[in-house]
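Two complexes come next, and they have one chain in common, chain A, joined by chain B in the first and chain C in the second.
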Partner chain A sequence: MSAVLIAILVLLGLAVVFGLILGYAAVQFKVEGNPIVDQIDDILPQTQCGQCGYPGCRPYAEAISNGDAINKCPPGGQSTIDALADLLDVEAVPLDSEHGEEQIKKIAYIREDECIGCTKCIQACPVDAIVGAAKQMHTVITSECTGCDLCVEPCPVDCIDMLPIPTTLNTWKWEQPVPGVALIATDSGRGSEQRGAA
Partner chain B sequence: MGKIFAFHGGIHPPENKKQSTRSPIRPAPVPAQLTVPLQQHIGAPAKPCVQPGHHVLKGQVIALAQGKISTSVHAPSSGTVIEIAPKPVPHVSGLSAPCIVIETDGKDTWIDHTGLPDYTQLKQNELIDYIRHHGISGMGGAGFPTDIKLHLGDDHIVNTLVINAAECEPYITADDMLLRERAEQVIGGIEIINYLLRPSHILIGIEDNKSHAIRVLEEAVRGSSLNIDIVVVPTKYPSGGEKQLIKLLTGVEVPSGKIPADVGIVCQNVGTAAAIHQAVTQGIPLISRIVTVTGDAVRKPQNLEALIGTPFKTLLTAADLQENKLSRLVMGGPMMGFTIEDDQIPVIKTSNCIIAATLDEMPPAPPALACIRCGLCEQVCPAELLPQQLHWFAKSRELEKAKHHNLFDCIECGACSYVCPSNIPLVQYYRYAKNEIREEEAEQRKAEQARQRFEARQARLEQEKVDKENRRRERAEQAAKAQKAKQAAPASESTPKATAPGDELKKLKTAAAIARTKLKKAQTALEKAKAEGMNDLSELTEQHQLAEKAANEAQQAFEQAEKSAATAAPSGPDLKQLKTQAAVARTKLKKAQQALKNAEEKGQDGIESLRTTVQELEAKAAVAQQAFDDAEQSNEASHTSPGENPKLNGLKEDAEKAKATLDKAEKALAAAIESGSPAAEKMKAGVEKLSAKYQAAQSAYEAEAKSTTPTTVPAKKEEAQLDAKTLKQNVSIMRTKLRKAEKALGEADAGSDTAVELKAEIDRLTSLHNEAKLALEAVEAKQQADAAKQGIDLKQLKVDAAMARAAVTKAERAIKKQQETEPEAELTSLKESLVAAQNHAEQLNKTLSQFE
Partner chain C sequence: MTDFLLILVSTVLVNNFVLVQFLGLCPFMGVSNKLETAMGMSLATTFVLTLSSVCSYLAYTYLLQPFDLGYLRTISFILVIAVVVQFTEMVVKKTSPLLYKVLGIFLPLITTNCAVLGVALLNIKKQNGFMESIFYGFGAAVGFSLALILFSAIRERIAVADVPTPFRGAAIGMVTAGLMSLAFMGFTGLVSF
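The block that comes next holds the complex of A and B.
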């Protein structure tokens, strides 16, 4: 009888001890916010363009963590979708064309002699990449522009252009080699065709 | 001779070096035009310091180094700068980059240049700066600015200096020929580097296929005071790679992601050493280099000393190129070089070799086959990587895994591609993967930056909102307080509270009020005690007297202060204050009278004291009223100029207030008469006074109003503008309605009743719209005409014009879009709007041009 009592007491004691430890840990090592949101936010391109329908990248990251689709980010493109799929362990899906299509990277340029200094684009820019003041010419800090497109619409004189980033010697990169692998007979034709194009 | 270690892998491709070593180094002809790229090395491009049209001398600085990793650029020959523009440069991409184009005058006139008589007199930093300003950058392959490497002694302990003379790549003999002919220059350069880095020993690594060069070098070393070891290494590609050579000579492996200096070794090319020597001893900047021109397509393969900026075409001609045999032009060696398409591309500081290859010599790569996992690539890899794995990862874009397999340790030597039996372009895959990873990292950095900026902006906006809210709340609180105070003050007169009494005044007032309250309390206590017939009356009376005294003192102080304030500034706000004072005095009087009356009715004691208070108060009220009246009169006298709306308003207010006061006073009087109080007489007098005052105020207001009627005329103009605005709004509302109706029509079935109705509605709306527009245009035209008369500011017009232009482009875009989606339909209306917009824009432009 006493053996059973001892066993019960020991187990009870253990339960109390571990309960205390866990309770302490829950208070002391409490994680602020949802860490998955931060991880998703890190993957998103941070253009803050709102093409996903949310006001910025973080709100979309929060929406994804709450179960929204991962294919609503055109600036990130397929690589972002793949990375998100990898992180969340879900199926990678093609980009939802409803929210726009993947385009080459562009940044905004203001045709400065046409700018009337209305400051509307400055208010629209989510990353403060446009400098200028009322009735003064504005210009884009190209190194800070994310190419989100949000400044184009508010411009009353249409003097903002979205231009592709020019390739320089420092930004030029190698293309992926064309795989010329001819595994079966019908492959060879396709391979030579691709090589011809390249 | 030092001990030789071994590095992993390596290959033995056909050397093909004999062809170009038969003849000595010859100077290349000076071309008619030299194209000098501003960026010939890793780092930031130099900044041009000459303009087109400037005449430059040989050796003159034409572009200055900017940034830490950069070197200056010098004119290779004398002549005129004709252009600073993007030109094709030696790069795999075939892209153009900014270049300075110099038209040579054929005289090759040197700028004054002298070397340093004794470089050991200079401090090390000064000497390194000297080398930097003479444009010396690595002449081996990557072209790293040499001064950076020479600074390595500052924060690293450099114990070994390795001089790279291995020149392991096939075909290239530039370093070989340099050693054969100018070994003493190389040794001189090594001495200078030794002075800067102070290594404990110096090793020259040279492959055993350069026996002539080794002999000359040994000769030269004997004449040097330094202890230089010449280490002959077996011929194996890529023994000339920096890390491979270090492994060969010292047995030390440079850790992944580190530079040789981290293990105490600095590596310099022989060409660089010679260039340093020339710069230091003769003051000759890096304006020429030895280029091997070889390949089966040239009849006389040889080494030429070419000026930087010489087009390859000139060198090929000098080596007697057979155009018909040429199939590929390669810059650099056959292993790590790249094909170039344009023979006008200039020689730069890193161009060591040009191969004009025939088709037999360099046949096009056969198509790649599938990987058979033979493992040959792993055996030859000098960096001990797993090329096969890297290939798979690069192909399937598993970049993270490729990174974990140390992709960035790949030196892109091409040994794996060379041995691959399936002809897989392995190096290309690695280059591609490296690029992708670098780009991804750059993007991540940019995203991080964007996020920080976005968050900072959000925080700022949030803060602004909070601040605004706070300000609003503060204002609301203040308003509430004012309201409360106003309510707390007896509403006998509707005069606004004194707006801005001095702080001192306020304090005094509060003190007086407190004293009064105390007094009152004491009084009530006394009365209570008296009524109850208690004994300790004497004590209470004493207290009461004390309180009374204090109250009187406080009141006096306050009044004095008030008076002084009133005399100090008898202007607008003071008037108000005076008025308030008068009102307060009157109220007090009234209260006191009331109290007196109550007391009389009840037959209580203390009536005497009350009576005196009332009298005092009466006197005070009279004084206050007098002061106010005086002030008012003086104020009115000082502001008799007509046309001041605020004054008019003030007068009106005054009159109204006076009226209200009068009414109230009359009422009070009636009540007083009814109750038969003794104050009735006085009240009557007060009422009379008030009514007189009211009349005066009224007449003053009327007079003022009459005199200011002309001032309302300018308001008419405003009205006109307002009209234009409302008209504009109307037009836009109309337009929106019209659009909506049109849309509804489009949705409704054609021919149905609703459609007909809608059409009618649309017609009606259109006519309305047109009418509104016409009206608006008329108003606008009038405004413009007015503006033209008055000379409106140009800026506004410009802005209008720009907006109109934008409207035109927007309309055009809309039409285009419409045409794309559904031709024919609805185009007419859009076109109309376009025409209208165009007209508007034109009109505005015309007006604008008139002014300009």
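The block that comes next holds the complex of A and C.
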């Protein structure tokens, strides 16, 4: 009887100790998602436009961390590619024109007297930047709009324009200084891009 | 030192766990389709086998033996191996995402690898000491890795070869494994341990 009891107790003790170790480890070594995916996601422009072929920026970030090309993001343009190349320690490559051209930052504008209130653009908007209801006029919340173009296509009356963001006193910024010499390897690409733009 | 070297040669070549003792055959057939996955599996197995043979030795010597509970070794070793694998996976995931990417999916698979349990039980049967257990586990893992990597390299070549239709797939794999096993029989008598 006592031999059986000892056996049960020893095995129970072993299991309890292991359970405690694993429970401690589960708390101590908890990982919130994949850290590299978060860092890539922070660099991407969050337009959720899907021009890269993935349903949004986060899926594309996951794809990059699994080895996809870094040059599929037209809204981010060359600066995003350079930042990704720095983060992932790979060669910076030019934007893949298959996925679209780099454009200046735009936001959607709904010509409100032409809007028929079909809600189709609301369904297309990935960031819920369009307000309105059925048979009511819609409008764009300019601070939320990412300029992804996705609402232009579904509009049946073509009343959505993509307007470039005008420079106002609040949005005007000094131009970034261009270093005279390339300090690090990836600087060379960045400098030439800005010199070309200037 | 000669003893440890003998253990290594014995476990890697003469008593190769896969090809001579026929332990751990499921990953041997299962993950040998590509050289890359075979290498990941080998690394993960080497790591886990060495660690678990040490842990199960400690559990046996300091817990089961004092209470005269030798008959509980199988179930306690399974427990020890499962915990070691789980703990390792958590630590690796937190500390080294890169290593986790290489080993990650293989770690839980190894829990059910019979070579891991086999090494732990054979350590007890052979009455190996602490250092001997480490080398026995490590040697077994190296032998497993050697067989797995060689086999997957052969299978990659066979995949593009003109194999008669009835032999394609698993059948030619089995034939190849048998031939490799025959080849390893040539090491018999190299050392007597």
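Keep in mind that, in the parts below, the second predicted complex is superposed on the first by the 145 of 198 C-alpha atoms of A that agree within 3 Å, B and C clash if a C-alpha of one lies under 4 Å from a C-alpha of the other, contacts with A are read in each partner's own complex, and residues count from 1 in each chain.
The working rule: contacts are C-beta pairs under 8 Å (C-beta built on N, C-alpha and C of every residue); 3 or more make two chains touch, one makes a residue touch a chain.
Keep in mind that this is a model prediction, so the values were computed, not measured.
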| item | value |
| --- | --- |
| First (chain B), second (chain C), both or neither touched by A:G67 | neither |
| First, second, both or neither for A:I6, with chain B first and chain C second | second |
| Chain B versus chain C as contact partner of A:A25, first or second or both or neither | second |
| Chain B versus chain C as contact partner of A:A129, first or second or both or neither | first |
| Chain B versus chain C as contact partner of A:A15, first or second or both or neither | second |
| Touching partner for A:I36 - first (chain B), second (chain C), both, neither | second |
| Winner by number of chain A residues touched, once chain B and chain C are compared | B |
| Shared chain A surface residues [contacts with chain B and with chain C] | none |
| Touching residues (chain side chain B, partner chain A) in the complex | 39, 89, 91-93, 95, 97, 367-370, 395, 425, 428-429, 431-432, 435-436, 438-440, 443-444, 446-451, 453-454, 456-458, 795, 798-799, 802-803, 805-806, 809-810 |
| Residues of chain A that touch chain C when the two form their complex | 3, 6-7, 10-11, 14-15, 18, 21-22, 25-26, 29-31, 34-36 |
| Residues on chain C engaged by chain A in the complex (per definition of touch) | 59, 63-64, 67-69, 72, 75-76, 79-80, 83, 86-87, 90-91, 93-95, 97 |
| Chain A residues touching chain B - in the complex, by the definition given at the top | 41-42, 44-48, 56-58, 79, 114, 116, 126-129, 135, 144, 146, 155-159, 167-169, 172-177, 179-183, 191-192, 195 |
